[in-house]
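Presented below are the structures under discussion, each in the form of structure tokens.
Both complexes shown next keep chain A, but they swap its partner, so chain B is in the first and chain C is in the second.
== the complex of A and B ==
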């Protein structure tokens, strides 16, 4: 530590710290919750596709919307958040370190999140909160559902403060140096998450909890939905950015290459911070009561996110090509062959990247107002996010799992688990191709999402959906096999693989890389621009929404909320 | 050591990124084609 060289600003970010056993236990705790969630959520997914095929009825009076709520909450909110927070802690520990005090606080974060999760889960399982993961008013769940969610969010805030503190202390010890790339990225993601989750915290604390407890008679529905989507879009970037961390800073190491550009990676993260939050209206394009001008402005801001997305794509292709050419593969696409196709740490995230091509294209379609009217609330949307979150993000997280779990448990990723992982990835890819493909088509034919099996009174249009619902059942069943495989792999890596040292792969910069400009570290400026953009995009329409609201709504705990 | 001397001492020529250029181009094309296809459906309904 005392030896660091002042001359080379790039030097320090390369020093990787060991992860002590005590910390490994903490990170593994997050992973246990994540993989238990994967199993439960996947089981619900299987039940959903079976029900929707028309060939299966849920036993014991369990409702379709009850299992759909379990599926959405436990996969989109619990699995993702626990995996991300655990993974990010590991990244911080590796690059900037963690003190004992920080570790204790992190345990506190873990327990607050876990208690909240258990509260929410029990409420849903008892059938007291079949309100789906978006919990739109005026559907009313049991108050414990909202209180549990509030706990989860507060827990993530504790984690965010710890992460910021970790970087702050490191910077104090290393004056004038740029922060390690991965620590920079984690900090950006947690700033975005914190600012975004304030919206949902306000909705839950000010609106939902008093209303569900009966203290407030009515709720302003449009305000609650607007606050939800102020949070809901950055939520998807909160999932995606940790995958990008792996793509930018870990995958190059796995394929035997170097970081393509430290500055480009940082700049793209800063742009994601700017353009992830002031865009929630693109989920509310069909919402009456929001001025179309402001919808248009937020759609324009949404499209800005294409810039860092294509920067990311460019950077990845360039990493692959440069590495391949360096290894002597010539020709226009010869470099493609060098990629380590048999290494699941690469292969799983790579399939995730592939899925992001149609996923991203679909996203641009969704955000275009005209076409949103075509796909809004259809199962196309479900097909879209099973590509983005349930394939791109999840396969990248699986790719991380293969080395992170053995690294934390002091074991090895064996050849046989690696092979099983390749099979898992292929199974997932095929299952998703079928399920998501069928969802996209059925959606274009008008098939609704969030729908129990129905023949819709025998209308002709509904008849055209049958084959696609059947295809979803087939794809979904294949996916469930993928989930079983992955849970098996996780257990194997956590408890039964042979002891050893598994590498924590972090890419290095080129020897002759251009130095990263120090203005990248201008945190105050980044936060100020982010807030300015949010205020610009939301202030006027939000005041308008409040001033011109229709009367609020009393709670409805039927037909599906809490009955 | 000043920034300059360090960066350009043994830099080989700019890396060849032709494949990357084409790949990103194809990606952009795919996005545009998908968009236009769905827009056509919108117009036809």
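== the complex of A and C ==
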């Protein structure tokens, strides 16, 4: 009897903590911004595919590139970042806890990010920043656009500091113990994000803001692009790693299994930290000013992420099979047939995983040095990242939403919402198959990305593209139906579902799991290797870029309709 | 740290395939010379005419030898300048015989542009301050759309011309 109250220190440290109401409100605030963004960004996407079908013109003098900028900024930067920071806070709170002081700082992070978002959004809506979300110089947006972006980034840094402090305090309280897996993963992701976003921060603060305000006459275009892509590739891993967190540590629980391997999961995250950043040149392969040997070196480094990706794929399917067999489903594929297909918490992320197979393969093509020339800046690329971020990542985020939102609001995921979620996932899969498929094919035929409807003088090639743009309009419309469904589900889960306790699923280790080696916690070493790789990949070519710089560029605002 | 036997096989096969793939890419790049364009030639973006190749009279298609051509282009928002024809009209269409070797040289005096002969590997970023150049053999006859594939402003999608490769 008395034994019941004795808690071994080891068990205590793995106990999941409850999320207090005050914290739930904070995490929900991030989610509100994320889902408002989903709706607005999705609506813009719908308008884009309709315009590109050639049968629709935007009303009220709204420009195509204005809505394209909204679409990119609000989905790629706002939706993802708010969802990820909110989700990661919830993971930290659940595994290592959050103090009052940390909560206040987290609110500060939220408000800095939100104010930045609003500033940027107003600038775009006024038509003063139709520069797309990559804002390549020397196109010049209104300074408020860049200042708003800087706020968003600084806000995420506050969140990163809070996350690190959370783990630090936990480790002080639990000396000699390994950190909880999810807290470890969040910390890795925020280290990567922080190191990467230093690049964009330097570009925005040192180059863009003074130049757009008129204090600096010219800007070094290639330096700004190099800094952007130093940030731009880890950005996609910043989206992907939270999905991996769910795949590694949450999905096994949902399907009734255990972690495949705690140490391999950590190892793969450490490898993602190493190889996500020193690789930006593979976005700049067709640029004239970068030495081709260094391009190739970064291509090789880019491909190193294939190793942790293979580990991830193995670990997922191993979990599926072990769990199925343990439940008694034998045969070659019996375990597969009996996965919980009717549980949307599993089904949505699973469809996301499937999309990552063609998504990853397409990524290999994109990064392939000379092969990139065939697809660079064609709509193939747009098709690619609609598979990766807009299917793999977002369907996993939706999969998280189904339990996280009711958990935070003290409600239940009901059977009917679960069914609606399954339908949503299927709608999304079909819509994306059509849209992304058409984009890939049109791209191989040479169709450009980021372009308003154009007949290109009626050339034969442009005529063949028309059919694919029509298919994109159909796929995009189906996807918008998916967005409406998801926003409805979110509102339902946040405000109207019946009260109850929804589980926060976190998988445990096997009873007899091999202990995770303690060198996994060698944070200083991981950061040092990451920085060493960055210095290796960037120092010489960056010095070369600066030493051989052409005269800088003055700002151009008339091409985007300002003057 | 423990790796499952199957995982070892999986990773060995995967990493082996990766190494082979990279060797092929490297062989193509360093031995066959198929690097993407990266010449690092600079130019003053505010004064591109100062460069011999981009003087107005040198723009457009020039035959330099039997089956060898040079195409000099100034890409600006939202137009490709191929110079003027005998009547003084802007050139909007160029014709190249099949099998010819063509050197494309492109610069921009304003913002970033793309230079893509759609469906081919003539695909370059054109950035202020640099000369983008690429030499190709045009072996597939047909009419191609040459278009801007990097966003350059509200008229971006109206920036195109045509290239014909004739038998």
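Note that the second predicted complex is superposed on the first by the 547 of 563 C-alpha atoms of A that agree within 3 Å, B and C clash if a C-alpha of one lies under 4 Å from a C-alpha of the other, contacts with A are read in each partner's own complex, and residues count from 1 in each chain.
Please note the rule applied: a residue touches a chain if its C-beta (ideal position, glycine included) is under 8 Å from a C-beta of that chain, and two chains touch if they have at least 3 such contacts.
This one's a predicted model, so the numbers in the text were calculated from it and none came from an experiment.
S.K.: Just checking: does A:514 make contact with chain B only, chain C only, both, or neither of them? Give me first, second, both or neither.
M.R.: both
S.K.: Would you sort A:318 into first (chain B), second (chain C), both or neither based on which partner it touches?
M.R.: both
S.K.: Could you say whether A:374 touches chain B, chain C, both of them, or neither, answering first, second, both or neither?
M.R.: both
S.K.: What is the contact status of A:300 with respect to chain B (first) and chain C (second): first, second, both, or neither?
M.R.: In the superposition, A:300 touches chain C alone.
S.K.: Classify the contacts of A:547 with the two partner chains as first (chain B alone), second (chain C alone), both, or neither.
M.R.: Neither partner.
S.K.: With both structures placed on chain A, which of the two partners, chain B or chain C, ends up touching more residues of chain A?
M.R.: So, of the two partners, C touches more residues of chain A.
S.K.: Touch check for A:310: first (chain B), second (chain C), both, or neither?
M.R.: After superposing on A, A:310 lies in contact with both chain B and chain C.
S.K.: Starting from the residues of chain A touching chain B, keep only those that also touch chain C in the other complex, and list them.
M.R.: 310, 314, 318, 364, 368, 370-371, 373-374, 444, 514
S.K.: Can you list the residues on chain C that touch chain A in the complex?
M.R.: 1-4, 6-7, 10-11, 14-15, 18, 21-22, 25-26, 28-30, 34-46, 77-78, 110-112, 114, 116-121, 123-133, 142-145, 147-158, 160, 162
S.K.: Can you check the complex and tell me which residues of chain B touch chain A?
M.R.: By the definition above, chain B touches chain A via 1, 3, 6-11, 15-20, 22-24, 27-28, 30-31, 34-35, 38-39, 41-42, 45.
S.K.: Once bound in the complex, which stretches of chain A touch chain C?
M.R.: Per the touch definition, chain A meets chain C at residues 63, 65, 130, 132, 136, 138-139, 221-222, 225, 261, 263-264, 267, 284-292, 295-296, 299-300, 303, 306-307, 310-311, 314-315, 318, 364, 368-374, 376-378, 444-454, 456-457, 459-462, 514, 517, 544, 548-554, 556, 558-561.
S.K.: Quick one: which bits of chain A touch chain B in the complex? Just the residue numbers, please.
M.R.: Counting only chain A, the residues touching chain B are 7-8, 310, 313-314, 317-318, 320-322, 325, 332-333, 335-336, 357-358, 360-362, 364-365, 368, 370-371, 373-375, 444, 512-515.
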